[in-house]
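Look for chain A in each of the two complexes below; its partner is chain B in the first and chain C in the second.
For the complex of A and B:
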């Protein structure tokens, strides 16, 4: 065996060890989610399913719904704003324009969520950039309340998610066969018609995966709702932190983070089946 | 102006407006970091490096920066070693259980960071290692490894398989093929993956908030704790330094190893 497969065991072992550690960490979450909470103690009691039945209260349902709603809004606005940039990035004729667009749209990905959240606090605060500018232009007298609102959270989250959305859309747009567009144009389709009837439908798989990936990512956003929402906007992540670090109810925090994980996985499974079906239909044509 | 050029003008104005929305927050951070007054003022009322001085001398940030360097260098190096081996493995071999192994090791791309961080916190508690470097490094390594694996896998896929076959036919041992042919060819992918891993680990926040303690906190966690208590531009200065550092690293990665290829973005 080792003769036919050189380095198999040597290269497999570290990967397996890493996978076991990761699985153990996830198993701990699962394990805690079915344990009894002992108030005032970090130790947990025996087996119980009470944490899961506890979810079934209006307040938690609202947080879950709000998380879904914010993530959906973010995904949709991210798509609307990213498509033109991705299109320009792929179709720009000059090399330097393409490079500039790639750097401008990708670098925000690597500054980290704390820096990006903090920069949006500077933008949105009542003495922040947007309010100062609007006041200087005498467009408003009282500062607009954007911090601590759902709007503020979505505005920041959309900007965070755009690099990923742009990468996915640019890949999809670059795979569009230009001959299809040329054929349509030769047959008399206007540029608008070519875009809406040829280019856009051909990039649907990319659009769909972009929406779902951003949706799943946004559902696990933490620092933005924590700092820009400031306790007024609660997403699952904030509830997990609250339960884990303020109430010190580790079992319930584990249950909530398990639900967030299931929701993220569920949306990706949904995407797989949707894009699979879509690609089949496109292939048949 | 013809209708077509008008439409093209409209399209490019839209693109510029969207890019402004994407980059303006970064510019505002850079602007406030050199603003002499504590109150944010637009445009700034002068240029001063007082906040940089405060940021560089603030004990929490200094310690957090050192912690971050330790964690990042260990975690991204481990991720490169294990991730490259794993990429080579799945590039080369089919084996039983490969699907499960892949599912587990790619999963950090999907699993919320707070779930993972919480898991490593609980795991640390089980082994009396909570808030220690071991758990922080492991958590970071697991989080950044998919990016390294992908980078190395992409460069492995571009190698002509005939090269290894030719070498083997000429009598090279598997070890020779690996170290003399494959390793040099994937080295740029590994280096690019390492840089991406380092940047992601250096700026990782959510999982770190769970697995670090006050002694072991990394820079983003220290920044978060500072923001919650004070409202002065010291954090702007730290952010500006982080932005400049990460942009430089990514620039180097792009120039030296072709970032677009490492991230597998194709524009053509």
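For the complex of A and C:
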């Protein structure tokens, strides 16, 4: 059976154009990464592999590791905080509760990253909301240092990623067959046992894709670590920025970008294969 | 409507009621179900049969009334403490577990020792002929096998009552017939008190010890399959169970040992005189297609009516012929074989003998059909 698809080429065109431009840009990054840095100039010199050998210094490896670490922490905390929200969102009996939860969890998605990060700076600073509240309650004497720490960055990134995590989890939770939960209860499972043995395993695909998406997303975070980390918490994007726009070493920035891209893709592939295997083992429809 | 069951009651429903807002889901149902009985709740969709089952399982809380199992009031007991097995319409097998783990689930929840779990599951697997499928994913099973896993999972916990919520409706016709046989074998082997919900009167008639016919949340009749078929309590039951011809409302006339139905526009039909209707009562007669037959050529006897063949519905072993009879409307007759299709084509005149001796006669107000 052959289908005639008269508009196929036409419809494909935008995707092709986008892909070509992306490929060209990546190629440009690639070719920058193998050029010499000419100090004091934006022009680059001849071919060299020096940028790649320069990567092999502990400081850069630490930034890369830190990026992994922050992304992983963000994904895990985002999951822990989002699951109850997503669950309540799907299972709420009253419509207004559901709409309220939807708007509360999705609206942040429509405020810019800068706006959200700035709000967190107001929250987390030495004179910020959290510190002044804690001091008013006499729980602390000296302000807690949250700004410019990994903790502060993770807190903001978790909030930043929660809408996406909630959407992915809510989709998974809404696909759980309620009859399976009823059947489990009928067979003697307490509400807790129903959750741990039925609901949670059946939402595992959503949990895994949520972790993967948030992890990958956080790997490329820039403004949050830039503003809240204030140069004290460096993620890979901040390092690229530093090299490219402060030191103006564009070739090395390109090399770092390439490394970041490879690291992100590599960890995604790794995660996909892990979750793929897990899912196959559980064979959830 | 009370029906006495010989064995002591395993399940007793006392004026159980369920309202959904202002709508009535189940209206004051009282019922005693005997130990080991196979009872069917039969009715069209929305009649309240599944709601009733849900209340027995504990997924729904009755608005009023109580549910007693083995002498214990379980109305407020949580579902997971009830020890009532249930097979869902969708089977609700756990997709992330294999066959063994599905069946073992209830036993593990009861914290049985591992060896005991394995033994019980093995027995259940053997009984349901699932040997060799232990390690299979439930998604790799056919509909019939999934059905058997669902049954095994429900009976392995030795429930006090087994609830079956339209378990055969998802199967194709041949498989359904086979599963009916297996269901009744399972019932015989386990002796479990079983409550079966269906809208399929054929399943109900072939499987049940007793049938509860429900409509609009109310119990219409509780009776054995044979009683139900022969002596339906009202027009709804008469027309819901099997095929039946509902004659128009008639005036019942009694003259000594003779009785007649006077139908406006169709004359007099001789009726059995043993009914307890008063002279002049408004009655309605219900007549099964097997009690209507084409008249033989030149046959002369009472209760022969004439009409025109409207349609033949050929069923293989028999043919259902619809005849438009003057004053009676469409009357169906059931004839063995297919000869009638040739002898009386559609549009041909035909004379029918109505065997009113086998008719069900109901007072006209009870003969209301509100299916």
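What we mean here is this: the second predicted complex is superposed on the first by the 268 of 285 C-alpha atoms of A that agree within 3 Å, B and C clash if a C-alpha of one lies under 4 Å from a C-alpha of the other, contacts with A are read in each partner's own complex, and residues count from 1 in each chain.
Here is the rule we go by: a residue touches a chain if its C-beta (ideal position, glycine included) is under 8 Å from a C-beta of that chain, and two chains touch if they have at least 3 such contacts.
Quick caveat, the model's predicted, so the values are computed rather than measured.
Asks: Please determine, from the superposition on chain A, whether chain B and chain C clash or fit.
Replies: Chain B and chain C fit side by side in the superposed model.
Asks: Kindly classify A:190 by the partners it touches after superposition: chain B alone (first), chain C alone (second), both, or neither?
Replies: It touches chain C, and chain B stays clear.
Asks: Based on the superposed arrangement, let me know which partner A:129 touches: chain B (first), chain C (second), both, or neither?
Replies: First partner only, chain B.
Asks: Considering only touches as defined above, state whether A:23 meets chain B (first), chain C (second), both or neither.
Replies: first
Asks: Looking at A:198 after the superposition, I want to know if it touches chain B, chain C, both of them or none. Which is it: first, second, both, neither?
Replies: second
Asks: Please work out whether A:171 is in contact with chain B alone, chain C alone, both, or neither, and reply first, second, both or neither.
Replies: Only chain B; A:171 stays clear of chain C.
Asks: Answer with first, second, both or neither: which of chain B and chain C does A:53 touch in the superposed model?
Replies: Neither partner.
Asks: Could you let me know whether more residues of chain A are touched by chain B or by chain C?
Replies: When the residues of chain A touched by each partner are counted, B comes out ahead.
Asks: On the A-aligned overlay, A:12 touches which partner chain: chain B = first, chain C = second, or both, or neither?
Replies: After superposing on A, A:12 lies in contact with chain B but is clear of chain C.
Asks: Given the touch rule stated above, what does A:182 touch, chain B (first), chain C (second), both, or neither?
Replies: After superposing on A, A:182 lies in contact with chain C but is clear of chain B.
Asks: Would you give the minimum C-alpha distance from chain B to chain C, in Å, for the three-chain superposition?
Replies: 10
Asks: On chain A, what residues does chain B touch that chain C touches as well?
Replies: On chain A, the residues that contact chain B in one structure and chain C in the other are 191.
Asks: Spell out the residues on chain A that touch chain B in their complex, using ranges where they run on.
Replies: Residues of chain A touching chain B: 5-8, 10-12, 14-16, 18-19, 21-29, 31-32, 42, 81, 84-85, 88-90, 98, 101-108, 110-116, 118-123, 125, 127-129, 132-133, 136, 159, 162, 167, 170-171, 174, 191, 216, 219-220, 222-223, 227, 237, 240-241, 244, 250, 253-254, 257-258, 260-261, 264-265, 268.
Asks: Once bound in the complex, which stretches of chain C touch chain A?
Replies: It comes out as residues 57-59, 78-86, 88, 90, 92-96, 105-106, 109-110, 137, 139, 153-154, 157.
Asks: So in the complex, which bits of chain B are touching chain A?
Replies: Contact set of chain B toward chain A: 4, 7, 11-12, 14-15, 18-19, 21-26, 28-29, 32, 39-42, 81-82, 85-86, 88-89, 93, 95, 101, 104-105, 107-108, 110-116, 118-120, 122-123, 125-126, 138-139, 141-142, 145, 174-175, 178, 196, 199-200, 202-206, 209-210, 220, 223-224, 227, 235-236, 239, 242-243, 246-247, 249-251, 254, 259-260, 263, 265-268.
Asks: Under the definition above, what is the set of chain A residues touching chain C in their complex?
Replies: Of all residues in chain A, those touching chain C are 177, 179-180, 182-191, 193, 197-198, 201-202, 204, 282-285.
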